[in-house]
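Each of the next two complexes has chain A plus one other chain: chain B in the first, chain C in the second.
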Partner chain A sequence: MRRGWLWIGALLLLGGCASSSRPIDEIQIIQEMGYDFENGRYTGTAVYPTFKQGPMTKPNLLTTTSPTIYDLIPRLSSKSPLPIEEGQLRLILFGKEFAKRGVTQITHSLARNNKVGSHLLLGVAKGSAKELLHITAKTTLSDTLYLPNLVEQNEQSMNLPKTNLHLFLYRYFSPGSDPFLPYFEKKGDFVKLEGLALFRDDNYVGHVSLRDAFLMKILLGETKNGVYQLKVGNRGKQGEDRVMLQNLWAKPKFEWKRDGSRHRLDVFVHIHASVRDYPSWLDPLMGKQLDNVKKKMENELEHNIERLFRYFQKKRIDPLGFGDFVRSVTKHWDQAAFYREYPDLDIRPHVTVDIVHTGIGE
Partner chain B sequence: MKQPIPDRFLISPFFVFFVVHAIQIGVGALSFQRPLMKAVGQDAWMVVLLAGLAAHLFIWLMYRLLSRAPFGGDIVSLHQHYLGRWFGGLLSVGVMCYYLLAALTVLQSYIEIIKVWVFPLMGTWQFSLIFLALTYYAVLGGFRVVAGLCVWGVVIPLATIFPMLFFPLEYAQYRNLLPVFDHSFGQLVSASKEMTLQYLGFEMLLMYYPFVKNAPSSQKWAHAANGFTTFIYLVIILISIVFYNQEQIQHLTWPTLTLAKIPEVPFIERMEYIVISIYVLVVFPIITLSVWAATRVVKQLFAVQQRRSLPVLLVILFIGTLLLQEKADIERIGQWTAKLGLYLVAVYVPLLCISVWVVEKVKKTLQQKP
Partner chain C sequence: MGLFTFWKNKKKRPPKRPVSQLWEQLRQSSDFVEVSFRVGGKELSIYYFDSLVDPQLLQERILCHLQNDIPKHPDVRLEDLQQIVPIQRIEVSEDTALIEEKVLKGFVAVTFREQPNKAALMSAPADNLGLRENNDSENEFSVVGPKVGFIENIGVNLHLLRRQIAIPNLVFREMAIGSVSKTKVVVAYIDGVANPEVVQTVTQRLETIHFDVVFDNAILDQLLADNSRTPFPLFISTERIDRAVYALISGQVAVLCDGSPYAVIGPAALFDFFTSPEDYYLPWVLGSFFRLIRFFGVAFSVLASPVYVAVLTYHYEMIPEDLLGPIIYSRSNVPFPPVLEVLFLEITIELLREAGARLPTKVAQTLGIVGGIVIGQATVDAGLTSTILLIVVALAALASFTTPIFKMSNTIRFIRFPFILFAAGWGGVGIAFAVCWLLIHLGRLQSFGYPYLVPFYPLRFPHLNDTFIRSPYSQAAERPQFLRPRSRFRFDPKEAKQKRDIDE
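Coming up: the complex of A and B.
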């Protein structure tokens, strides 16, 4: 049997010859990629780190234009001395013009690409993606992951709902929902997260602010985190009549009812929150005062949520997945019929706020 | 006709659990969700249960049949005893071809996965050669070695791949499971055909039955194995239903591997490559046992030693992998295997069972008459 082993060993060694390994300093690892559409041509921008001494890296950019989308990576290759690897892609940024024309060509190609992970982030830039990537490359000293970190930080502790390639594809393919992505804007020499870009199918159709993103986050069933400023009085100077609410735990509940000839969707939201900041005239925030503030908060939240719903209905988009909810409670759900009714659908928010605490001081 | 097989070549009944289970779960577990959810959407998990129950029935039938085989023999001796030398022999060759086809399906599907995911530039023949050389080595070791492979082929993937399946629950949308029973019972039954290839594997019992010590007592382990297979498929399908939506899954060739893109570990970026590597241990026992069963048929039929026929069969497999490299071909042989296997366990074995029962009845009455 020793001969058998020898034989197998030789075969395995032979097999090793065929695959070529690629040391890290001999490839160009793209970490961020931007796509733009300008004057009938597509522009691709790749951000990659160059390794200098030790752990110091410097973000570098490659840009190319082409009349087609698929051609961009090969064209980038013709400008790069090292082979381009997309296995470490962390974020793909679409320029607004590009996003308006549809992003499926990119997302489908990503979905088919076995090298790209499901955690890849996507985003939309207000102006051009190229410009934004240039700014991040300039403002950060060594970090090529500025934008991905920005998104992740805000998802984990602030108002941004979770988004990534998997979720984008999930919402895109789902018959009962539409995708959305983080929306960036250039502010002076900085890049700022502005809110959420909304899509109908794969076309950008509008965006909501980061404040409204909080409401979306709660309505999507992401239970924790997010802050929201609410107006509770009319006392002149700015800032003096607002309270800052921090979501500790929230749960949405939907109910689908038949109301005569029409349908009605009731949305119940229960928020357990803490009040982070409140104006001094509200002191002490307890008893009747607290109930009063709570009532006002609930009213304003309901009002804002309703405004958000109307906006979605006007745009004929369903980023919150109402369609998917209705599908789950209807046998043989009819997608076309539901979305025909959708713009005039009676969607009513009902908000309950529980103020769990107001911080460690009173 | 033949001597009973010596004790030292036998496995204890308990190991039937591993052998049956290892052969049932194969490359199909990576991709079965797609056709299933296309047919019945969120009710796919019921089909998994339904098909599992059907498999129990067929295993039971198979044990009824094999317990009547002369000298505790296998399907070849059954054929010879009840259907005569020529007709029986012809059917035995058919069974052998089926075993080879099963080995080819699994080997080819796995090579395709490696080529698509890991080494796109490598040729089929390299992998095929390595696999078949390993198969040669393992099959020469005899049935006990093959059964030992099956044990590891169950234990290691269960400890490594199975827990990974639960990471995607982070993104679970449990409302995808609703509404329950959105499809008619007829639809469910017709969709359960899609599960054939996934549950097939216990038909190897037709050959290794005489190698099990006190074989009839192993029936409970075969049923347990099938139950466990059902459980694993159920877990995979439930996770897939809540993780993907029905449209999205139609765009993925191997939904289970895409599930493995979700776990994030600091020292390794992408778990699906680990899953594919460990999957060798799932695939390899299937190939070896199928090839072993084929050589066993040859030995019983033509009295050719297994070590003589083995290289011939492996060369046939090797040529098969070279000829059928395109995706459409691979899918087609998969469908053939599923169809043939279904006829074997669901039509042929019951028919044989009935005819054997009738023959025995007639014999008895004839003996009683004079």
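Coming up: the complex of A and C.
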């Protein structure tokens, strides 16, 4: 019996060590957060749902400004009736100006924050993040998660490569690659996914279009999904000279060779694709014409990929992680030496397209 | 103490008490009958309890033959009565204690004047008087399979067992337990299958029991238990004959007790409590599936409301985004913290269950409806609990009913509360702690000295084929080896695997 009391006593004492409870209806859950830099001051915008009218949510916004970043959430608290909790954050949007100045302060703090999942999405807004969040709050009646859903939908079935906090941090800390994030733009009263924002270390340096994002997606080794329009001829009226390619399965392969005094990186891409839409003059069942079209597709893809590489080399960024690949095949890889050589590196794409289906025949 | 010492003293009285003194004592009761008469020059007396003896048996088998046949054998002695009276096993004894015991169990004692200290004991008990005839198994129901169950009469129960185990190895060892009730208790096992060590443990434990009245086998169950502090039942108690027979042929030992429709079976392992005889009547795929559902039900029943408490109090981070809205909305009007909300509902359901069990069946149905629908709906409308919790708690209660053995389902009902308290105090860590505690406790339990958590602790791979899944019969020839049975196979495993179809 004495042991029993001892147990109960120990449990009671230990009960004091429990972290303070935060019942779910007594906290302000923020689901999206935006960071901006304007006129020397930082602006933080938090989107939180309210559930008082029913299970449908109504997005609300809290905005505050501060000369420092760390001060933003405490300042938001002074406008909120309930303690602000960031455990349900799904997306963080950086304004372009903010992203240019570097996002490390935020991402470092997120990396250490055990409340936030690594599946958290990050994004960059052309213009101000605050404005974009305002638009999403206005256009959607009940959905606080408009932007996260937008990103996820595009990752799963369209051209956007997978991005999230975990991948951002991986690419950021990895010596042989640079991070990238989805890039949003305001189009009238809507938010549009415009492509990918590219970073050098943690600074925004430029962006590529959604069409180029498809090429990046393939080169990153994400084997499925994505559509790509290709010009295959110049016969017919406008719009009659393009095919719409849907990626079924693609695989990139890299080869690192020494070519005299220089190095050469060969990139082989094998795409199994189906042709979703094609001009009426093109009969895909006819072998010779098909070969012709295939050749044209390959050439155009190679050309576009090469253009993309030049752009990366010019910006001295490596979002595709070539450095990581080269490191994996060389002894004593030297980061500094590799990136000194990088802008002049000979990177050659080789594309093979296999057309797998062409839809229902006549 | 005072009450018990009285009976103890009686037991320790010197055995050399004359029989006449016994009759003197018994005469105090009005249902004790003493008849003396003369037949053919013999003066004989018969003694019995009117309330215990079947009057028809007494007249037709005993009185009739004594009156008609004794004149034909003038030199008859008590020992020779077996030749006259057509009643099995007539015992002649001088032992007052034995006479007392037998008379109190419905025997008729016959004495001759020449042999006043000896009595012939003839069995004429009204065995079924006041007991039910109907032996449907009431609490362990199964759709497929026999519906016959044990009843309060031990003679019938033994008969039912012996009917299915028609081999001479089935042994019934009888003893009387209870200083007041002198209840007939039978240890049943199959010689050559059950490990003699178990049989010895059981009989030894039964012999050392000091108790007054054995109302039910459940009392023996507790008195036999290796650990009396655990909420877990250490022996299976079943009213199903198939279950008892299956246990016997697997090498377990059953204890039956007069007046109780339950057989206590041991050594039992934790997982035995989640198997139902129906698993064996259905095809093995279905049987395994339902068994897995049952395990899931138990885990759900124990963990559902604690997880609700932990998540809503401490870990809002892990709520899926689509569930966030419904949960917060349904909680927004509730004035209590999640713990009190859960305790309130859990206790309401326990009250309903308890009240339903104590009331007559017809009233209980009404109560279930009133309690379940009216109270449930009203508490939600009044904003005392959230709708989601109502669903969680109701599902957990439902899941706990899937356990086939009632004692185990009680345990599961009970186990939930410490889990809820731990979840309220320390969130997910608390639940993990409680689960560890539970596992340690289970690992330490023993049933007749055999490990309770077998086949997981200690790990016994071959026995796993009848734990989570129910293997087909061709794979189930081996008896569970952790019981250390004397014979390894139930039937020939090679023959069981052979296909006998001529197929060429």
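FYI, the second predicted complex is superposed on the first by the 340 of 362 C-alpha atoms of A that agree within 3 Å, B and C clash if a C-alpha of one lies under 4 Å from a C-alpha of the other, contacts with A are read in each partner's own complex, and residues count from 1 in each chain.
Everything below uses one rule, namely that a contact is a pair of C-beta atoms (placed from the backbone, for glycine too) under 8 Å apart; a residue touches a chain by one contact, two chains touch by 3 or more.
In this text, all values refer to a predicted model and were calculated from it rather than measured experimentally.
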Touching partner for A:P67 - first (chain B), second (chain C), both, neither: neither
Contacts of A:F173 with chain B and chain C, given as first, second, both or neither: first
Which superposed partner A:T57 touches (first chain B, second chain C, both, neither): second
Chain B versus chain C as contact partner of A:I27, first or second or both or neither: second
Partner chain(s) touched by A:G188 [first = chain B, second = chain C, both, neither]: neither
Contacts of A:H332 with chain B and chain C, given as first, second, both or neither: first
Partner chain in contact with A:G117 - chain B first, chain C second, else both or neither: both
Shared chain A surface residues [contacts with chain B and with chain C]: 11, 14-15, 18-19, 87-88, 117
Complex contacts: residues of chain A adjacent to chain B: 1, 4, 7-8, 11-12, 14-15, 18-19, 87-88, 108, 111, 114, 117-119, 166-167, 169-170, 173-175, 324-325, 327-332
Complex contacts: residues of chain B adjacent to chain A: 116-117, 119, 121-123, 126-127, 129-130, 133-134, 136-137, 140, 171, 173, 175-176, 178-179, 182, 244-245, 247-248, 251-252, 258, 261-262, 264, 269-270, 272
Residue ranges of chain C in contact with chain A within the complex: 311-314, 316-317, 319, 321, 324-332, 334, 337-338, 425-427, 430
Chain A to chain C touching residues, read off their complex: 11, 14-15, 18-19, 21-25, 27, 29, 31, 49, 51-52, 54-57, 85, 87-88, 90, 115-117, 145
